Amino acid sequence: MPIGFEDGSIDEFAMAIPDGAKVAIPADYAGVSMAATRALIRRRVKNLHLVGVPTSGLQAELLIGAGCVKTFESSALTLGEYGPAPRFTKAVREGTIQLVDATCPAIHAGLQASQKGIPFMPLRGILGSDVLKNHPGWKVIQNPFANNKDPIVAIPAIQPDIALFHAPLADREGNVWIGRKRELVNMSHAAKTAFVTVDAISETSLFETEEKAAGVLPALYVGKICVAPNGSWPLPFWNGAEVDDAHMRRYMEMAKSDTGFQNYLDQFVMQESVPA
Amino acid sequence: MTDIADDKKALICLIANLLRDCNHVAVGAASPIPGAAALLAKAAWGTPRFVNILGSVANNFFTGGGGELFDCAAQGRIDAFFLGGGQIDGQANINLMGRGDYPSSNPRWPGTFGSAYLYFLIPKVILFREEHSRRTLVEKVDFISAPGLSDNSTYRKGGPFGLLTSKAFFRFDKDKKRFRLESIHPTSSLEDILDNTGFSFDYSKEAPLTAPPDPALLELLNQEVREKVAEVYPNFAEAIFPMTSSAAHAK
Amino acid sequence: MPIGFEDGSIDEFAMAIPDGAKVAIPADYAGVSMAATRALIRRRVKNLHLVGVPTSGLQAELLIGAGCVKTFESSALTLGEYGPAPRFTKAVREGTIQLVDATCPAIHAGLQASQKGIPFMPLRGILGSDVLKNHPGWKVIQNPFANNKDPIVAIPAIQPDIALFHAPLADREGNVWIGRKRELVNMSHAAKTAFVTVDAISETSLFETEEKAAGVLPALYVGKICVAPNGSWPLPFWNGAEVDDAHMRRYMEMAKSDTGFQNYLDQFVMQESVPA
Amino acid sequence: MTDIADDKKALICLIANLLRDCNHVAVGAASPIPGAAALLAKAAWGTPRFVNILGSVANNFFTGGGGELFDCAAQGRIDAFFLGGGQIDGQANINLMGRGDYPSSNPRWPGTFGSAYLYFLIPKVILFREEHSRRTLVEKVDFISAPGLSDNSTYRKGGPFGLLTSKAFFRFDKDKKRFRLESIHPTSSLEDILDNTGFSFDYSKEAPLTAPPDPALLELLNQEVREKVAEVYPNFAEAIFPMTSSAAHAK
């Protein structure tokens, strides 16, 4: 059973993510652990290397704004219809974070290379883009099976220290139900371990039926679980929750200025009161 | 309000016609006009047979995780897709990264997403950007998120089909490596387009007006397809189908 | 909806698999379409290139014995505890089939390369084995990310024409439920199309619940479906059926000799009467 | 009958002890002795914490398809595994392909399975072959399905730990590139082993007898673990636990 499974608070959970960790996080629709994100800011984590799989949103925006991030590796940071992410935009303009800009399938390919224990994965496309020109890790190689010139991009493995996400359910053995969100499985296989917040604990094994089992991340890959009901708030969750639209608009309003963002952190992160 | 709604419906009908020869069209969750067009085409002609709305739960049939879209494109199983861009240039290069010198872009936009890959692999990529101005349609993009063209040694199965804006529809001519003005929307004119386009393009002085939507197609959109659009894009549906009461489509 | 979905017989289904096709088939425990296998023998299919994912058993044994196979590509052909596969053993001894002997992860890697539309996938291990020495397709390349000598095997993509298997359920849209057997998904993504026999048809959509949806192969990848209850007989099926032990023993007895095998074909394939 | 059962139980207990330092052990569905050993070790010490019986439905926790085993090994998440071989030689090369000149092997065996890969990646690979004869333990295998050793430029995280037969247990010495006789089972003798081993190996004339199973461990196997073994390997359980009625374990 994962350490601290039963009695751990979200703040203890976040304490186990060390400064400087390379943390893989899912896109805003795939199950973001916003509860853990706020706890990370409370614990004043430093120098995170975030890997947005394949993009990120409010989670990276808050961590960047709070000064927790050294490197942001992803193919986008987007708040969708709410508009440009104010803290990210500012950090890029001022050069206060290191950017590793990729394209979605390359993030997946890098993780899959780690998952398969191979040094790289070849990937089509990308040639001739400025993303390739500026990426510190990618190389162009010749396809060894082609007789003619056939350049192809080699994407090196991305091995996160921790895959961090929110899921609906875990069972007492430490298995986690992720449904169709198989990128969470890939992330977890690729990472050294997975830290997962869940809405609830299932008292029966998630392997009890084949239907449920088909969407399970096995306990072997899971290092830590914390119960955090509605842990993706204010983001939407594929298992039911809608985005908290009013809160998102409020965030956009407050985060326009440095002081407004500090007020946001004080009010919603430091003295957290998550609506049920 | 109604005028804007009508303009958007005209765009939906135009795009629907472009998707009629497809088997499978994928669209982003935040792309209501292309998404509505794909749903309309499916309802009107049964093609595309498959419409996949990414990021949606109910209207996304992928079961292999976030990577399946990209694998599926590489398998040749996606026939059409939509890309936008903060800047688009005359060689169909697109920039989703930001204005100015990378990496300190100002402003920075979200990033490249899957464009640097999908643009190479999906046969019919429709560039869709409603804002038609010299700010968005530029001579040369500041950053190439995805190039419109590649040399002969590059594996490339797909690329730009055309560019649709609020003023006009351009087809991309791969041999000439230029856009050609295909039709002008009724709200614009050739002069307006020349004034507001930052790149040079081919055109005929007799460039036709964009044909108005087929009434039967428009009727289908307003009746049957409206419900489907509202399921996926509730806010958008509210805006373009003003008769839709919010109660009727509350989840 | 797939062609012939409603009214097709298993023999019509098998007619759509052309001579010379490259057909991916699963291991004996993962859902083998034995019903289609017998129909293929009845239709006297020729020159199949079988890809056992990652191994095969009775299915390949019967097809090889019946003279339907030109090439057998896999990492093993095994009848498990029933002992050496008599027709396969004979064909190898007499050199009547072409062998492409691989190792399990290389079969998976070749299919995944096809699935990802890349020309090859690098894979660890294998170096120094006679499998590598004798494989017609694999190449050893230098890891482009290593400073020192670091050879790695490049496995070229395997793209089957058809992925052929048995599953518990399909719905009226052509979606197929495969539970945890994700190698069937990989096979189908990698192949040009999938041909599937199923125990039954679900009248409701397999996407109706997230639990069920997590184990679905979407209709996009499926070319043909045929209802064939108990279609994996006499092999076991992960969704319930046990192996028909008595039948397997009978097969082993009959297949010892050429005439015995012919009698087996006459009795159980040509005049099929599958027990319910 | 009972003697054979006792011998097999002794092998199970011996292997269980070898698995005690593991977190995750994977075993094949057709490997009842290693499988029973892993289940016994888990029951006795809580380690291995994870036992994965491949090909089983109820005792296999992989959810990523047939490829997950191999990925999992490459990730360093499998600590021990078992390989056999129609031939095993003194350099720990194994042959699962067949006797004679490939490709027209005679007899042909099933094939290499995952051995050519897993042997490189799983730290503790235990070679297990009950038949101890000059036919199976040879000077040089006819076909290398997987090599026991690799040169320094080869990425190799795993390899042979030892070789267990019905007569003896050998440890593999990677520096000397040879097997060393670790212990002799009570049913055999040094002379018997020298007579029946086709490769040369290191040994001491005072090579000890294999220790008999710890009575408490044997008791645990016969009581608690028996049920678990019967769930996965019913035929095997019938054979080694003769008191087990078939009715009690029918599914």
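To keep things simple, chains are lettered A, B, C and D as they appear, and every chain counts its residues starting from 1.
Methods note: contacts are C-beta pairs under 8 Å (C-beta built on N, C-alpha and C of every residue); 3 or more make two chains touch, one makes a residue touch a chain.
Given the structure is predicted, the values throughout are model-derived calculations rather than measurements.
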item: Comparison of A-D and A-B (more C-beta pairs in contact); value: A-B
item: Label of the chain whose CA centroid is most distant from the centroid of subunit C; value: B
item: CA centroid of subunit A to CA centroid of subunit B, Å; value: 28
item: Distance from subunit C to subunit B - Cα centre to Cα centre, in angstrom; value: 40
item: Length of the line joining the C-alpha centres of subunit B and subunit D, rounded to whole Å; value: 59
item: Multi-partner residues of subunit C (each touching 2 or more other chains); value: 116-118, 123-124, 150, 152, 180, 185, 210, 213-215, 238
item: Per-residue overlap in subunit D, given as positions that touch at least 2 other chains; value: 57, 62-64, 68, 70, 74, 121
item: Pairwise chain contacts, counting only pairs that touch as defined; value: A-B, A-C, A-D, B-C, C-D
item: Residue ranges of subunit C touching subunit D (in the complex, touch as defined); value: 26-27, 29-30, 53-55, 74-78, 80-81, 84-85, 88-89, 92-95, 99, 101-106, 108, 112, 123-132, 134, 148-152, 180-186, 238, 242
item: Parts of subunit D lying in touch with subunit A, wherever the complex brings them together; value: 24, 50, 57, 61-64, 68, 70-77, 121
item: Contact set on subunit B toward subunit A in their complex; value: 29-30, 55, 57, 62-68, 70, 74, 96-98, 102-121, 143-147, 150-151, 153-155, 235
item: Of all residues in subunit A, those that touch subunit D in their complex; value: 114-118, 175, 185, 189, 207, 210, 213-221
item: List of subunit C residues in touch with subunit A within their complex; value: 109, 116-124, 139, 141, 143-146, 150, 152, 154, 156, 179-180, 209-215, 238-239
